[in-house]
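Which chain is which? They are A, B, C and D, in the order written, and residues in each are numbered from 1.
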Amino acid sequence: MTASIEEFERAIAELETQIERVRKLTRDQGLDRSDEIAKLEELKSDLLRKRYGKPTGWDKTQIARNPKRPFTLDFVRLMFSDFTELHGDRLTGEDGAMVGGIARLNDQWITLVGHQKGRDASERHHRNFGYARPEGYRKALRLMRLSEKFKRPIICFIDTPGADCSVTSEEHGISESIARNIHEMFRLRVPIIVVITGEGGSGGALGIGIGDRVLMLEHSIYSVIAPEGCAAIVWRDAKRGSEAAEVLGLTPHQAKRFGIVDEIVKEPLGGAQRDYDAAAKSLKDALVRNLAELHQIQTEELLRSRYDRFRSLGVFHAGS
Amino acid sequence: MANGWFGKKRLPGAEVQEAPPSIPDGLWTQCGKCREVLFAREWERNLKVCTKCGHHFRLTAPERIAMLLDEESFVEIDGDLTSANPLNFPGYDDKIRRHGAASGLKDAVVSGHGTLDGYALSVAVTDAHFMRGAMGSVVGERISRAVELATQRRTPVLLISGSGGGARMEEGLLSLMQMAKTSASIARHHDAGLMTIILLTDPSLAGIMASWGSLGDVLLAEPGAQIGFVGERVSQQAHLGKVPQGFQSSEFQLTHGQIDQVVHRKDLRDTLTLLLEFAGAPGVA
Amino acid sequence: MTASIEEFERAIAELETQIERVRKLTRDQGLDRSDEIAKLEELKSDLLRKRYGKPTGWDKTQIARNPKRPFTLDFVRLMFSDFTELHGDRLTGEDGAMVGGIARLNDQWITLVGHQKGRDASERHHRNFGYARPEGYRKALRLMRLSEKFKRPIICFIDTPGADCSVTSEEHGISESIARNIHEMFRLRVPIIVVITGEGGSGGALGIGIGDRVLMLEHSIYSVIAPEGCAAIVWRDAKRGSEAAEVLGLTPHQAKRFGIVDEIVKEPLGGAQRDYDAAAKSLKDALVRNLAELHQIQTEELLRSRYDRFRSLGVFHAGS
Amino acid sequence: MANGWFGKKRLPGAEVQEAPPSIPDGLWTQCGKCREVLFAREWERNLKVCTKCGHHFRLTAPERIAMLLDEESFVEIDGDLTSANPLNFPGYDDKIRRHGAASGLKDAVVSGHGTLDGYALSVAVTDAHFMRGAMGSVVGERISRAVELATQRRTPVLLISGSGGGARMEEGLLSLMQMAKTSASIARHHDAGLMTIILLTDPSLAGIMASWGSLGDVLLAEPGAQIGFVGERVSQQAHLGKVPQGFQSSEFQLTHGQIDQVVHRKDLRDTLTLLLEFAGAPGVA
C-alpha cells in the first residue's frame, strides 16, 4: 500500500534534514561531500517524481489542503504589483475569509477576489479557516461590480473547504449571497478568470466560480462535497474519505474531462508549497495568456460564451 | 377555487412514509407533526394540510401541479431525460431505479408549461420523494429548459422546490454545475424583464437554495417548511452546536429577510395570480 | 395663550361624550332633542374650525404625531385593493418599521413602501415606533427595483420620527442604507410619488423621499430635526420645542414655499384621525391625478425633471 | 512625496481649539489625544500627525488641498457663494460672520478642480472649523457643482468630509435637501462611468454620511476619525446606552464593512493615485 501524502512528506522532511546535515558538514569541516549531496538530492527528486507523478484523488485532496501551500495573498504578492486591498460589503460586515482589491498584472489593472486561509492559529481564526461568510461573498460582488464599472477584468482565487454554515451566516443569508453572486457573475460585462488554487469546496467555491476561463492548479481539487462527508453519507463512515475521493472525480483531470475546467496549471515538482515563486510564475503565465485571449472577444460574445460554457455542463440520457 | 383538487384519485407516492403501517392505507392517514389520525378524504380536501395542527404535508410534483395550474393546462416537457451515471458511482443506477419505482417519477423534477388563472407560464417542480430532490444533471437541465422556454415565450416562470439534498453527489462536480446552469438561465430571464417566482416547500436546502431557490423576483414559502443552507446531517458534522428555536423554518427565514411571504397552501393560487398580474404577464386566450 | 392641541383635543373629547349622552337620552326616552344635538355639533365644528384653521408649526407637530392618526397600512387598506405585502431585504433582516408590497390603485398596479408605526404597545415595539432600520431601507429599495423591473409606479409613505440610530443599526450601515436609497431613487425609471402622511423626520424620511412629486398631508410635518432636538441644541432647553417648531419651517406651507413639496393634501376638519375614509379619499384623489400626469411623461424626461427638481433646492447668495 | 507641504506658512484656523492657552502659539502644540507637547515644525512636517501616538489632527480645507493636490494645480470654483438666511433663523447671520472670521473660510466647504499626480479631478472639502462642517445650501451647491464639473470634464471627483454636524438646522428643510441634491449629482457621475472617491476625516457624521459621504466607488478614512450616523449629543438624547469600545471610529466602520480602507495620512496620496490609475482617469499633460 502506498504511503499517504502526509506520511510521505514526513519522510521527505527527514531526508531534507539529512541533506542539510551533510551540507553543514561540508561548510564546517571543509570536506567535499558534493557527491553524497547530489545523490541525496537525486533520491529526493526521484521520490517526489514517483509519489507526485500519479497522485490519486485522495493524494490531491491532501496536497490541496497542505497548510504550507501558497494562499491567495501569497499569489497576489508574487504575481501582481500595486495591490490595494479593499474591504467590506458596505452592508453589514467585513469577512477576513474573503479578500479583494485592485492590482496590476504586468501593465494591466485587474480586480481580484479570493478566499483566504490563515497561516497561524490567530490568522486562521481571523480567516475563519477559509470558510467565507455572506459578507465575504457580498464584498466580492461589490468589488466585481466596481471592476465592471471601470472595464477591468476580474480574477477569482478559489481556496475554501466550503461556505460558512454557522447560525449567523444562515441568518445573514449565506444561500442568497452565493446564489446572487452566481447570477450576477453571468451578467458582468468584463472578462473573468477563475483559478482554483487549493480546495474548491462546493457552493462556497462556486460563489466566486463563474468565469470565461476556469483554471485549476495541478494539485488542487474541486468537489461537490468533501470526500469525508461523502463517505459519511454513502457508507456511514467518514474514514473512508480516500475511497470517496476516487469516486467523486474531484481532480483537475476529471474536471477537465467534463468541460468544467479549461486548463490545468502545472505546479513545481512536489507541489506549489515547495516553490512559491515557480508556482506563481506558472500561474501568472497562464493568466496573462488567457487574459490576452479574452481581450480579443467582444463583450456580447464573451457573455454568450460564458453562458454556453456553463449551460452545456451535465450528462444525461435523452430519449426513452 | 381550491376544493377537491385531489378528489379524483390519490396520486402515487404521497406521504406513504408518514402513515404508520397499523392504519389501513387509503382511508386514514396520520399527521407527522401532531400525530392526529386524519380521515384521508377530508385531509385531501384540505389540500393535505392537517386539519388539526395545520401541518403542510409534502406533496408530489404531480400533486403540486394539479393543485396550482389550471385544469388540463399542464404540458410536460423534457420527460424523456433520464439520469446517466457519468462517474460510474457505485450503486447509482440501482438507486435511480429504486427511487423511480417508489415515486412513480423518472427523476426528481417535473417540468413543463401551462396556465395559472389563465396566465401562461413555465413551471418546474422538484420532488423530495425521488432521491430527496437532489439536483443532478437531469434536474438542472429540465429547470434550465423550463426557464429558457419561458424567456422565449416571454412568460413568467414558477419554480417550486421540494429538495432536501441540494447536490447529488453521485454525479460529482456535474451536480454542482447545475447550480451555475440554472442560475444562468434565470439571469437571462431576468434581463428579459420577465418574472421568476420561487415557491419553497418542505424541504428546501443546500444547492437548491444557493442557486435558483434564492433567485426569484419573489420568494414564497409554505408554513413550517425546512429552508436553509445545510441540512441536519451536515450541520451535525459541522458542530453547529445549539441552534435557535425554529432554525431554518419558513418563519425563521421570513424573520431574517430571506423570503417575501409565508403563504398557506389554500392561499397559494390567489397570491400567485396577483403576482402574475403585477408582472403584466400575458394571458392565454 | 392658546390651548395646546392636546388640551384642546381633551376638551373636544368631553364635548363628544356630552353629545353622545344626549343622543342616548333621545333613544332611550324617545324625547326629541335634535335641536340641542345640532347646536352641540355646530359648537364642535366651530371649535375645530377655529383651532385647526390656523395651526402653528407646533400644533402641526402634535397633530402629525397623534397616535390615532391613520398609519401607512390604514391608507393602504382604504385606498388600494389586492395589497400583497412583501417582506425582507434578502440580505440580513426584516424590519417591521418599514412595510412594502404590491397593490392596485383603481386599475393600476403600483408598488408601495412606507414607514409603519404601531397602534398598541406590542405593535409599537414590533414597528420600532416607526424608526426604520437599514434592513427597512434595503427592503424598500429591493421592492422599488422590483417595481422598476415591471414598469410599475412607486408610492412612498413617509411617517417616521427619524431613522433608527441604535448600535445595531450603526453596525448594519444605517447611513449607507439611506444614502444608497437616495442615490438609487434618482435612477429608478418609473414614476415615484412621495407622500408625507405624518412625521417627516430628517434623513429617515428622505431615505424613501425622492420622487417626481412630493405631497404632504395638511397636518403633517417635514423637518431636518425634531423641534425638541433643535431647541436642545440652540437654546440648551428641549422644552422650547414650540419655539423651534416655528423657526424650523416644518409645515407643509413652508416646505411648499421653498419648492420642497409640490402639493398639500387637504385633511378632513380636525385632522385625518377624525375621519380615515375622508382622509384616504382626499389622498387617493391626489395620487390618481398626479399619477395620470406622470404617465404622460417620457422616462428620460421624467428622470431629468426629477434631477432638476431636487438639484434646484437651496437658497444662497451668489456674487460677493 | 509628502515632506514640507505645510512648510511655507501656517494656515489659519487649524487646531487652535486643541492647543491649550498656556503653551505659546506657533512654536508648540499639544496632542489632543495623548497630551504630548509637540514641536510645531516637526509636527507640521509630520502632516499634523502626532509624532508620539499617531493621532491625526484635524486639517483645514486649504491644508487638505495643499497636502493632496499637485502644487499650484488647485483652482477654486464657486467661491462667491455665501449662505443666506432663508428662514430668518435667529442669530444665523451673526454665526456665519463669526465662524467666517475665526476660520478664514466663507463657508464650510472649499471646492474646485486640480490635479493629483497629474490626474485631473474635481475636489470638494468640507471643513469642521466652520459651523462643524454642517451642510447648508452653499455646501450642497458647491459639492453638486464640483461633481457636475467632473462629469462634464469626464474626470473623477474626490470628496473629503470633515463634517460633524451633518445638517445645518438654521436652514431647516433646505439643509436636508442638500443630501438629495449631492446624491443626485453623484448618481449622474456614476452613470457616466466615472469615479467618485470619498475620504472621511474626523469628524464625518449624520447628513454627510447618509448622503455623499457613503456614496463613493471607494471610501477611505483616516485613522481614528469619528464616523457615524448620529453624533454624541443626539445619541445621548436617544438613550443609546452603553456603546461598544471604539464605536463610530474609522476602525469600527472598517470592521463593519462600511469603508474600504483606513489610510495613514502619509499614504493617502499614493493610495489615491492608484485608485485614479485604476479608474483610467485621463491625465492632464
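The rule is simple: a residue touches a chain if its C-beta (ideal position, glycine included) is under 8 Å from a C-beta of that chain, and two chains touch if they have at least 3 such contacts.
Just so it is clear, the structure is predicted and the values come from calculations on it, not from any experiment.
J.: Going by the touch criterion stated earlier, list every chain that contacts subunit B and also contacts subunit C.
T.: A
J.: Based on CA centres, what chain would you say lies at the far end from subunit C?
T.: So the chain farthest away from subunit C turns out to be A.
J.: Select, from C-D and A-D, the pair of chains that is joined by more C-beta pairs in contact.
T.: Higher C-beta contact count between the two pairs: C-D.
J.: Any idea how many Å lie between the Cα centroids of subunit A and subunit B?
T.: Between these chains, centre-to-centre, one finds 34 Å.
J.: So what's the Cα centroid distance for subunit A and subunit C, whole Å?
T.: The computed centroid separation for subunit A versus subunit C comes out at 54 Å.
J.: Between subunit A and subunit D, what is the gap in Å from one C-alpha centre to the other?
T.: 42
J.: Out of subunit B, which residues touch more than one other chain, so two or more?
T.: Within subunit B, the residues that touch at least two other chains are 190, 214, 256-258.
J.: Check each residue of subunit A and list the ones that touch at least two other chains.
T.: Counting only residues that touch two or more other chains, subunit A contributes 90-92, 171-173, 176.
J.: Of all possible chain pairs, which ones touch?
T.: A-B, A-C, A-D, B-C, C-D
J.: Within the complex, which stretch of subunit C touches subunit B?
T.: Where subunit C meets subunit B, its residues are 82, 84-94, 102, 109, 135, 139, 146, 149-152.
J.: In the complex, go through subunit D and note every residue touching subunit C.
T.: Touch list, subunit D to subunit C: 79-84, 86-90, 106, 136-138, 140-141, 144, 167, 169, 171-181, 183-188, 190-191, 206-207, 209-215, 228-230, 233-235, 237-238, 240, 243-244, 247-248, 256-258.
J.: Could you pull out which subunit A residues touch subunit B in their complex?
T.: Spelled out, the residues of subunit A in touch with subunit B are 163, 165-167, 169-176, 178-180, 182-184, 186-187, 202-203, 206-207, 209-210, 222-225, 229-230, 232-234, 238, 247-250, 254-255, 258, 260, 307, 310-311, 313-320.
J.: Where on subunit A does subunit C make contact in their complex?
T.: For subunit A paired with subunit C, touching residues are 90-92, 134, 138, 171-173, 176.
J.: For a test of understanding, state which residues of subunit D touch subunit A in their complex under the given definition.
T.: Going by the criterion above, the answer is residues 190, 193, 195, 214, 217-219, 254-261, 271, 274-275, 277-280.
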